[in-house]
Amino acid sequence: MSKVRKLEETVAMIPDGAVLMIGGFMGVGTPPRLIEELLRQGKRDLTVIANDTARPTVGIGRLVSAKAVRKVIASHIGTNSETQRQMIAGETMVELVPQGTLAERVRAGGFGLGGVLTPTGVGTVVEDGKPRIELDGTVYLLEKALKADFALIAAKRADYLGNLEYALTARNFNPLMAMAAGTVIVEAEDIVPVGVIPPDSVVTPNVLVDCLVAKEHRHG
Amino acid sequence: MDEKTLIARRVALELRAGNLVNLGIGLPTMVAAHLPAGVDVFFQSENGIVGMAPVPEPGAENEDLSDAGGSPIGAVPGAASFDSAMSFGLIRGGHLDVTVLGGLQVDEEGRLANWMVPGKMVPGMGGAMDLVSGAKRVIVAMQHSAKGTPKIVKRCELPLTSVRRVDLIVTDLAVIEPTDKGLVLRETAPGVTVADVLAQTGAELIVPADVPVMPIG
Amino acid sequence: MDEKTLIARRVALELRAGNLVNLGIGLPTMVAAHLPAGVDVFFQSENGIVGMAPVPEPGAENEDLSDAGGSPIGAVPGAASFDSAMSFGLIRGGHLDVTVLGGLQVDEEGRLANWMVPGKMVPGMGGAMDLVSGAKRVIVAMQHSAKGTPKIVKRCELPLTSVRRVDLIVTDLAVIEPTDKGLVLRETAPGVTVADVLAQTGAELIVPADVPVMPIG
Amino acid sequence: MSKVRKLEETVAMIPDGAVLMIGGFMGVGTPPRLIEELLRQGKRDLTVIANDTARPTVGIGRLVSAKAVRKVIASHIGTNSETQRQMIAGETMVELVPQGTLAERVRAGGFGLGGVLTPTGVGTVVEDGKPRIELDGTVYLLEKALKADFALIAAKRADYLGNLEYALTARNFNPLMAMAAGTVIVEAEDIVPVGVIPPDSVVTPNVLVDCLVAKEHRHG
């Protein structure tokens, strides 16, 4: 029943052109070994859905710098000059989404909702092409659900079945993305026996997780 | 006192004990260091924590605990961490009492532009659009002008962050309150005259009979 | 073997190792006790837990741990608890492999009615509408007829639970699969003939040349 | 800074006619002392938003039996014959909402969303009067946000600031409702010093909570 897999084989499942959700916020809560292995295997034409692209040498920024990414859907690329350069040069498509809207769109994808109505972005360029819906005197934008082929998740602690705990601000988009992808790959800092994580502490239930990779090499 | 410290100290006076406050990156972050005595507030960082604090001492950094800029932070006793949906639920749902943000432009209708200069700077809006749309009170903390060009303008040329009217603008020269009648000059900085403010403002200001000097805590 | 046990045992054969399964109150709950050897599944209770189990022994009840009917339950090692939004996120989001529900009527289009008898019984739909709309596989476990009145009908007269076509109907007489061509008779219960099934069914059934006897684990 | 208050004074803030969200699922996770005190103070004409009305002598069912409730918005009343009787007799209004939709409507209210698009209920009586929205070939119902004047919350453990933890299936609607009401009143089984509950274990952050009442009488 253990979901612990070899890093190389796990990442090999991801084809060029895949749509990936990758957890993390400025690299905090982004799975480092999974990023490293994507680079090593030379993946191409990825679509990456993530809060940001960190810095050119950090986290998701490394994928951008390696030109592994065809399209980015993110809330912020301001700390990554390379993402901005590629965007302006037309080398990489970038779709900018308000951070709270991105969180809800990912959540909606994982929760089986078609979308949500948010007041954020009304009357701004974010509104372009989106239905405006007025309810009880307030105007909202209809923002659609997002899904992905794979979610790459960083967890603090996992049990062998895949129940996950996160730490502090490294949680961010990870539990939302773990709901919204066809295949969920988790890099955990620690992997513990089943029963060690109490039910109330589990943030991502094991049934959502497909593969587990340990942060250190001891688990393959 | 330098201009940024002046702005930070004046903004700090707007916070009330028990408030949940989000400080933008840069100048707004400085507000935390200037809270008046006895005013305990909770700082939210939109990457997922209520109860953000400075790193208590060198070496006490934790790789799982950072602010929205990715820099290490600390946490107060009673802090709570959560995912990004919850973080923006707090912001969008009206649970955030105050957000303090930097600005590129604010116009006569009190609308803020602070996330993009087309063709030049495309950082993305991050959490700014949600913060301005959702916080109970929005305070813009910025320099009054940028290299001589007024940042308070008739109508924003830069892409808007939100159509919501911000509640207060605090600059190195003045405190200005956007109202349904227009921008009202509420205070001037120490040593700054009303004429100085008007000269560096690109929008019409309503000037009351009495414009006191900015208190700075 | 009584009729309910027969149904529960037949339904249990539909579950696969590692499945996330939600069992409705009443007859469907009995399925848990009839899992084939080696088939470990996770049971979800929609009030907020994955890893539901029976109370391990008398006296081991916990007032904070109950099923959707409010009765005490246990939990397996590796269980996870969560709020109602997450619980239905699992259901609606396609993460639930199988739901087993009781039925009042199922019609030729495979549509289920199981939550209301107007003027008589108004319990509310509870989680049933989400379960039928969202689960990957919906199995209806019910008596074939109620006091002689067929429950499998041309068109449901009772209010629908969902317009989604259910995947399988398991009764004390037969296993029937709704398809885009209609209801297909897949199996008959031990000692029951095809003619018996047809006589107690209020809808057209497609009867293949070979209708095997129900395996019951 | 402590939010611990006297039970009587806390409940006295709730006027007749108030809209209440009350946590719990068949009484599990429903705050017993708050229910008891609502009855003692003889509140009337309440609107109650809750998963269910439990049984006539249990939890929210006690408010229904005492005729303190004008309207119920719930997913299930099948275990409470008295609620059904009052509904059929026209004494109490009952709005039935699918459980997952109820959870999302409450959440939307607390998260500042106007509503969500759900496939649940399409083509059933639940659809009546609601906008149908088709996105990418799937039909959804637009379900609107719900808010309340007060939320009555049962927590397992609180600190004095109001950070909350819940236990097992007693969590249910409680954390969602704690986001969606003007005033949030919490009955906690245990109240501990600030700092005892680790940040990652807090489910409801203290800033959402207005008043705390202990389950036992020792805290007033």
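Going in written order, the chains are labelled A, B, C and D, and every chain counts its residues from 1.
As a convention for this text, a contact is a pair of C-beta atoms (placed from the backbone, for glycine too) under 8 Å apart; a residue touches a chain by one contact, two chains touch by 3 or more.
Because the structure is predicted, anything quoted here is derived from the model rather than measured.
Chains making contact with subunit B as well as with subunit D: A.
Between the chain pairs A-C and C-D, more C-beta pairs are in contact across C-D. When each chain is reduced to the average of its Cα atoms, C sits farthest from subunit B. One simple way to say how far apart two chains are is to compare their mean CA positions; for subunit B and subunit C this gives 55 Å.
Distance between subunit A and subunit D, defined via averaged C-alpha coordinates, is recorded as 32 Å. Taking each chain's centre as the average of its CA atoms, subunit A and subunit C sit 35 Å apart. Averaged C-alpha coordinates put the centre of subunit C at 29 Å from the centre of subunit D. Shared contact sites, meaning residues of subunit B that touch two or more other chains, fall at 49, 75, 81-82, 85, 88, 91-92, 134.
Multi-chain contact residues of subunit D (touching two or more other chains): 104, 107, 111-113, 118-119, 166-168, 171, 199-200.
Shown here, the protein chains touch in an arrangement that is not a line, ring, star or fully connected set. Inter-chain contacts, as defined above, occur between A-B, A-C, A-D, B-D, C-D. Considering their complex, residues 18, 20, 40, 42, 49-51, 75, 77-82, 85, 88-95, 134 of subunit B touch subunit D. Taken together, the subunit B residues at the contact with subunit A in this complex read 45-49, 62-70, 73, 75, 81-85, 87-88, 91-92, 119, 121-130, 133-134, 159-163. Against subunit B, the residues of subunit D that register as touching in their complex are 1, 107, 109-113, 159, 161, 163, 179-180, 194-195, 199-200, 202, 205-208.
Those residues of subunit D that touch subunit C in the complex are listed here as 25-29, 51-52, 54-55, 74-79, 84, 87-88, 94, 96, 98-104, 107, 118-126, 156, 166-176, 203. Those residues of subunit A whose C-beta lies close enough to touch subunit D in the complex are 104, 108, 111-119, 133, 135-136, 138, 140, 142, 144, 165-168, 171, 199-201.
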